[in-house]
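In the two complexes below, subunit A is the common chain; its partner is subunit B in one and subunit C in the other.
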Partner chain A sequence: MSSTDLERLMNKWLSAQEFYVVGKKVERADTIEKALGIARYMEDYYMRDMLVIKQVTSKYPHARILSIDDSQAKKVKGFLMNITAKNIPGENQVGYSIPDQPLLADKKVRYVGEPVSLVVASDFDSALEAAQLVKVNYDPLPYVLDPLEAMKRNDVLVHEETGSNIAFRTKVRKGDVEKGFSESHVVVENTYRTSHQDHIYLETEASIAIPNLEGKLTILSPSQYPHLTQKIVSRVLGLPASSIRVVVPYLGGGFGGKDDQGPLTSAKAALVAYLTKRPTFIEYSREESIAVHPKREATVIRYKSGADAEGKLKAIEVEIVHDTGAYANRGPFILWRATMHASGPYVVPNAKVDGYCIYTNKVYQGSFRGFGNPSVQFAAESQMDVLAEKLGIDPLEIRLKNILTPGATTITGQVLDSSVGVKEALEAAALKAGWKEKRKAYSSMEGRFRKGIGIGVAWHGISTSRGVPDWSAGTVKIELDGSVSVLVGIVEMGQGSPTSSHRQIVAEILGVPLDLVHVYFGTSDAPDTGATHASRGTGVGAIGVYVASIELRERLNSLAAKLLNTDPEDITIVDGVVRSKKDPSKSMPWKDLVKSAYSKGVSTTSSGYFFLPKGRFDDEMGQGFAYISYSYMVTITEVEVDTELGTVKVLKTYPAIAAGKIINPVQVEGQIEGAFVQGMGLALTEEFKFSEKGEIINKDLTDYVIPTSMDAPEIAEPIFIEDRFKYGPFGAKGVGEMALIPAPSSIANAVSHAIGKRVTHLPITPERVLKLLEGR
Partner chain B sequence: MIIKFRLDGRDVSVEVEPNELLLNVLRDKLGVKAPKYSCGIGECGACTVLLDGEPVLSCLTLAVDANGREVTTASGIKGEEAEMLMKAFAEEGAVQCGFCTPGMFVMSYALLHEKKRPTEEEIREYLRGNLCRCTGYVNIVRGIEKVVEMGGKK
Partner chain C sequence: MYYKLPEFEYKRAENLHQALDVLKEGDWKILAGGTDLILDMKIGRQSPKKILDITRLGELRYVRAYNGKMFIGGGSRLQELLENALVKEKLPLLSSAIYEMASWQIRNVATIAGNICNASPAADSAPPLLIYDAKVKLSSSSGSRTLPISEFFLGPRKTAISSYELLEEIEVPTLDGYFQWYYKLGRRHAFTLSVVSAAVALKIENGIFSDVRIALGSVAPKPVRAYTVENELKGKEANVSEIERAVEKVAEDISPISDVRASAEYRFKATKALLKEALFKGMKYFGGGSG
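Let's look at the complex of A and B:
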């Protein structure tokens, strides 16, 4: 099919108005087996003949490795070997964006918790005992923990070869900020801080590697991108990718963390399997998971904004510092995203944004739902409230004056020609929340318990950025019995794309009952569908199966037209019945049409592929194309603050989302609720405490506090603004990350409203609330 | 030593060490994978099972304590109430990644046995020791409320 034909057909389905499964509250395919504990996760595939791996990790933030002595470990019954960097047959290099990170520390360690060696034993107890007996001799080096200090120092370098602790810089330049500030009626400047956050997926990292006689490996991997795991394992082992087969079972949560740590966990299992020629199993303990795997970055954001007397934004000047820890990992991409989104979803004529990704001797940072955006939206949204207060304008009004609308230009100079529903979303949420009345009522509260209401608005580019090649692929196969098998690389980590939206999209286009569609997901056997990250699992990840289904439907329409003696445009297929629109008496069952296809030489398999057309970004100029589409999210949140104890209770939030066509409202609602509560953790309780040596002190779920059922607020039914995206399946954009992004800003703005003091530091712990109240 | 108990409606006997945990015996020796390992120290509730009908954390329970008793995991919960819960969980979207779900399912079932008509507050209070990182708890609570509304156990 030519690309023009393809675009014509995609447009036809994009403009569809009537649906029979898309947009409906259908149940996902995996609920019952998960409720009954029958669904299998990584650890459930462990068998007792597998070798067990335990990691030996660094106890120093920065040190040279002098020697590794396993003589005592050898005395443990069941011990097999201790594998170090020297045993790696391929490249000991797993850096994602910059080649700065070894799989196992070589020559030196750069954070407490960095993997140094892998102890292999016949059982868990022996592996644990032996790992404790491996003695690593270190020569401690000076270290640096604070990113602002690390930025300035060149005498202590986390990576000597770089000559600086600045791993990466980003920038946006638009207009003339000095002129913008001089034309401003008010200019406000604040410094905002946010803390590290751990994913705390309930399932810790685990992987299984099984070698076969030819030296090929099958890997069960806890990763969000099977083809990335395949690539990294192949690099570490020095084997061709074709020797590595990756299968991702149900993941017990991902949130970005398994996009980074999944491939590395599997590389460890694969390395041992390759060297021992035996099946291997690795599973991180919770403490180990927290110590080893990358976190959401801690940030320091200096933000200066100016607006005219009416509240129109004139200029912003922003400096973003990300503490990337010991390794850059995805830090440059995360920083880039933060930089591009620094304005918030507003029109800003003059902008100067600088980003710095800084190495320190702490656990490194990585992907986490929102990817650099929650912290910068927190800063931007706080500034909007501060400006409104100075100008005596309502926070809702100032936002509506500046909000992005179709045709608006972003701070990178990208024109948003369509699919910009944020204004409608904000207006609808404000109306539903009773914004005006509550804002007024809570403003005059006195006494110990005070309520506040705050707005958070966010925008978020869907899928990968700028010119990074981005595509979707998937195979759809109609079986002789009329059922449909779908093969995609998107994984199932709870979000429900393969178990729900992909099935709905295929069923809608082919016109088959939903029960007949089965999705086989998360494997390198499928066409490379790209990663399950950046909210792309449905809006981009399903374009491949969407296109494949459209092609199949064209073929089947032609065949059905011949069989029913009409023309292809006259054919409808709904819920397994093929019919002529003009003469509904002419019909046949879907299964008969499929049988005819098999007997009359019509192919029933199609592989769909779509390469997203993107623009260029000029790094020197700090201008250009950033993302192919943006989703928008509003949360308006009410809180109650106990001004004696400093505690914050989130009472209720009102969400509205503009994410194009909503394929499954139940799943989207679930993503919004879950993301909001995760964002609430970031806003209120989740914070790591580091020792003087940069070691995380609170490596457990008692001292690192995530929200419980007692903390989760009431969440109003989300408002959907269906601002369709022209390439997404039926116009879908992306949802997964969205509610986490404005959640912290809406909570912080509500707390600031309640106590009459500006929150600038997350999480908003009782200590910080009391400090603000006492004016310290 | 050898211990004997009823597990999900069948009699089992298994050799265990005195210090062995019920979670590990269930998972690794008896092949029952419904209770999950997540924290290993009683902080998250993913390993919850019923011991003589009472919810316990199997990662903090010695296997020998199960001797002569009845252990029920999510896979062994049967009956009308279980069916209603499953249906409500599915309809309300109470399950996402599903890793906490067997523990949540066991707790929800135990709650409905303990209290005929729990309020929303009581449901939240009962589930407070079971962590979920995907759903924000909203739809889990809603699922249980739905069963309560339908009259629960008939």
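Let's look at the complex of A and C:
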């Protein structure tokens, strides 16, 4: 099918007004087994005769490895071997964006917790004991921990070959900021800081690798992208990708962390299985998980904004510093996203944004729900409130004056032609929250307990950035009995894309009952569907199965037209009944249509593929096509602050989302609730404390404080603005990350409102609240 | 980091007599619920060579009321105490403290004696027991002795128990006609260690503080009574200025440290704020000034 034919067919489904399963609160395929606790996760596949791995990790922030001595470990019964960088048959290189990162430290370690070797034993106790007995001799080197200091220093280099600790730079240049500030009635400048955040998925990293015949390997991998795991394992072992098969079981949470660490965990298991020819299991303890795997970046953001007397933004000048830790990993992409989103979802005529991704000798940064955006939206949204206050304008009004609407131009000069529902979302949320009344009532509160209400608005580009290729693929196969098998690379990590929205999309288009559709997900056996990240599991990830189903439906319409003696445009198929629209008495069951397809030579398998059309971006000027479309999110949040203890209680939040067509409202509600509470952790309690040596002190769940259900506020039923996106399945965009992005800003703005002082540092701990109140 | 659980000698006692008999040998570490001990062993904080398992001692799981006092078996699980109507009615501070402790799963395993003997400065059951002037019965094969709980705690993870002894029972006098108040300030609303915990009981007669008892957790090397503040208030008129003046003296009762959970400075401020809240509420309870 030509791409124009395909776009014509996609448009037909995009404009659909009546749905039979899409948009309905349908039950997920995995509900019962998860509720009963019989769903199997990675660890449940461990079997007794598998070898087990324990990692030996660095105790120094920066040191040369002089030698690795396993003579004492060898005395442990059950010990098999200690695998180091030298044993890697392929490339010891797993850097995601820059080739700067080994799987196992070679010559040098760059953070406390960096994996140095893999102890292999026949059982857990032997592995643990032997790992304690491996002695690594180090020559300690000077180290840098503070990103602002690391930026300026060239005498201590995390990576000598780079000549600088600046791993990557980004920029945006639009208009003339000096002119913009000179035309401004008010100019405000603040420095914002946010802290590292850990994913704390319930299930820590684990993997199983099983050697097969013909030198092949099967890997059970807790990763968000089976094909990336395949690629990395292939590189580390020096084997062709086609000899490596990856299957992803249900994940006990991903949040981006298993996009980065999943493939590396699997590469470790695969390396041992390859060298020993035996099935191998690895599982991180919680402490190990926290010490080893990448975090959400800590940031320092200097933000200057100017607006005219009416509150129209005239200019912004922003400097973003990301502490990327020991390795760049996805840091450059994270920084890129933060940079392009620096304005918030507003029209800004003059913008100068500079981003710096800085190496330090700390645990490295990586993907985390929101991907660089929550911190910069916190800064941008705080600035909006500060400007409003200086101008004596309501925070809602100043936002509405500047908000993106269809036809508006972003700071990268991209014109947003359609699917821009943020204004409607903001207006609807403000109305539902009772913004005007509450803002006024809370402003005059006195005494120990003070309430506040704050707005957070966010935008988030969907799919990959710039011209970075992104595509979707999937296979749909109608079996002879009429049931449907769907094969996709998208994984199930709690969000329910393959177990709900993919099934709904296929069922809607083919017209089959939902319970006949079965999705085989998270496997490298499927066509490369791209990763389950960037809120793309449904919006982009399902385009492949959407397209495959559309193609099948065209074939079946033609066949049905022949059988019912009408034309293909006259055929409807709904819930397993094939019918003529003009003459509803002409009908046949779905199963008979399928049997006819098999007997009359109509193929019942289709592999769908769609390559997202992208535009050009000029990196020199930071101008051009940034993202194919954006999702938008509003949270309006109420808090109560105890001004004596400094504690903050989040009372209620009102979410509104503009993410195109909502395929399953219950699934989206779940995503919004989870993301908001995770954002609340970032805003209020989650923070790593580092020792003088750059070691994380609170690497356990006693002292790394995530919110519990007892801390969760009331979350109002979300408002959906269905601003359909032309390439998404039925116009769907992305949801997964969205509520986390404005959550911290809405909480920070509410706290600032309650106490009458500006919050600039996350998390907003009781101590920070008291300091603000005391004017320190 | 997690370590391999070290090897140790293990015995399980089927009854109290047997347990005390084993303890006679000395150097046995008691495993009651294990929620502190096993974790400590995994992270290398404790590495006992000999472990005596007393989890099956059903005879140590009871709550009895007698003659104005409550008698709690040391082996009582926290969840059992939380669900006990007598505890809730007669020892509201203890009931509130246990409600805020850990999670249902852990409370079902952890024992009250274990929480006391672990002697964490943050032990949640300690401030209420200090308020009630509880006594602990320490038994060995050669007999029993009774010690006021305030003399039982010696410092962080240090107590007056000897290695031959087992904490058999806690004797808790009840308080009648008192205003009783408990607050656990943690970093979230469940499943958390306290930054400051405070228990207060007081009585006001004819506008005068006739008794004031204050106990605090996580602000000193051990759970403490704030005797200075108590004495400043006893016999004084119940009013705002007396309370504010007395609360300032809490610095003489506590010595908080700065750690990963909070700074010493914050703990001082929070302690004072909590004490004022409790004392003002107490005053209101007895019909005193509006605060």
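Points to keep in mind about this one:
Here is the rule we use: the second predicted complex is superposed on the first by the 775 of 776 C-alpha atoms of A that agree within 3 Å, B and C clash if a C-alpha of one lies under 4 Å from a C-alpha of the other, contacts with A are read in each partner's own complex, and residues count from 1 in each chain.
Operating definition for what follows: contacts are C-beta pairs under 8 Å (C-beta built on N, C-alpha and C of every residue); 3 or more make two chains touch, one makes a residue touch a chain.
Everything numeric in this text was worked out from a predicted model, so none of it was measured.
After overlaying the two complexes on the shared chain, residue contacts for A:Phe255 are found with subunit B alone; subunit C is out of touch. Once the two complexes are overlaid on the shared chain, A:Ala39 sits against subunit B while remaining clear of subunit C. Contact with subunit B, but none with subunit C, is seen for A:Glu669 once the two complexes are overlaid on the shared chain.
Legend: residue contacts after superposition of the two complexes on their common chain; A:Trp13 is shown touching neither subunit B nor subunit C. In the overlay built on the shared chain, the residue A:Pro766 is in contact with subunit C alone; subunit B does not reach it. More residues of subunit A lie in touch with B than with the remaining chain of the pair subunit B and subunit C.
Touch criterion not met for A:Tyr60: it reaches neither subunit B nor subunit C.
In the superposed model, A:Met493 makes contact with subunit B only, not with subunit C. In the superposition on chain A, A:Thr708 contacts both subunit B and subunit C.
When the two complexes are overlaid on their common chain A, residue A:Ala291 makes contact with subunit C while staying clear of subunit B. Residues common to the contacts of subunit A with subunit B and with subunit C across the two structures: 285, 702, 707-710. Those residues of subunit A whose C-beta lies close enough to touch subunit B in the complex are 25, 27-28, 30-32, 34-41, 43-44, 46, 48, 199-204, 250-255, 283, 285-286, 493-496, 666-667, 669-670, 673-678, 700-702, 706-710, 712, 715. Residues 27-28, 33-41, 43-44, 46, 73-75, 77, 85-86, 89-102, 105, 123-125, 127-141 of subunit B touch subunit A in their complex.
The residues of subunit A lying in touch with subunit C in their complex are 125, 128-129, 132, 285, 287-288, 291, 644-647, 685, 689, 697-698, 702-703, 705, 707-711, 766-767, 770. On the side of subunit C, the complex with subunit A involves touching residues 1-5, 185, 187-193, 260-263, 266, 269-270, 273-274, 276-277.
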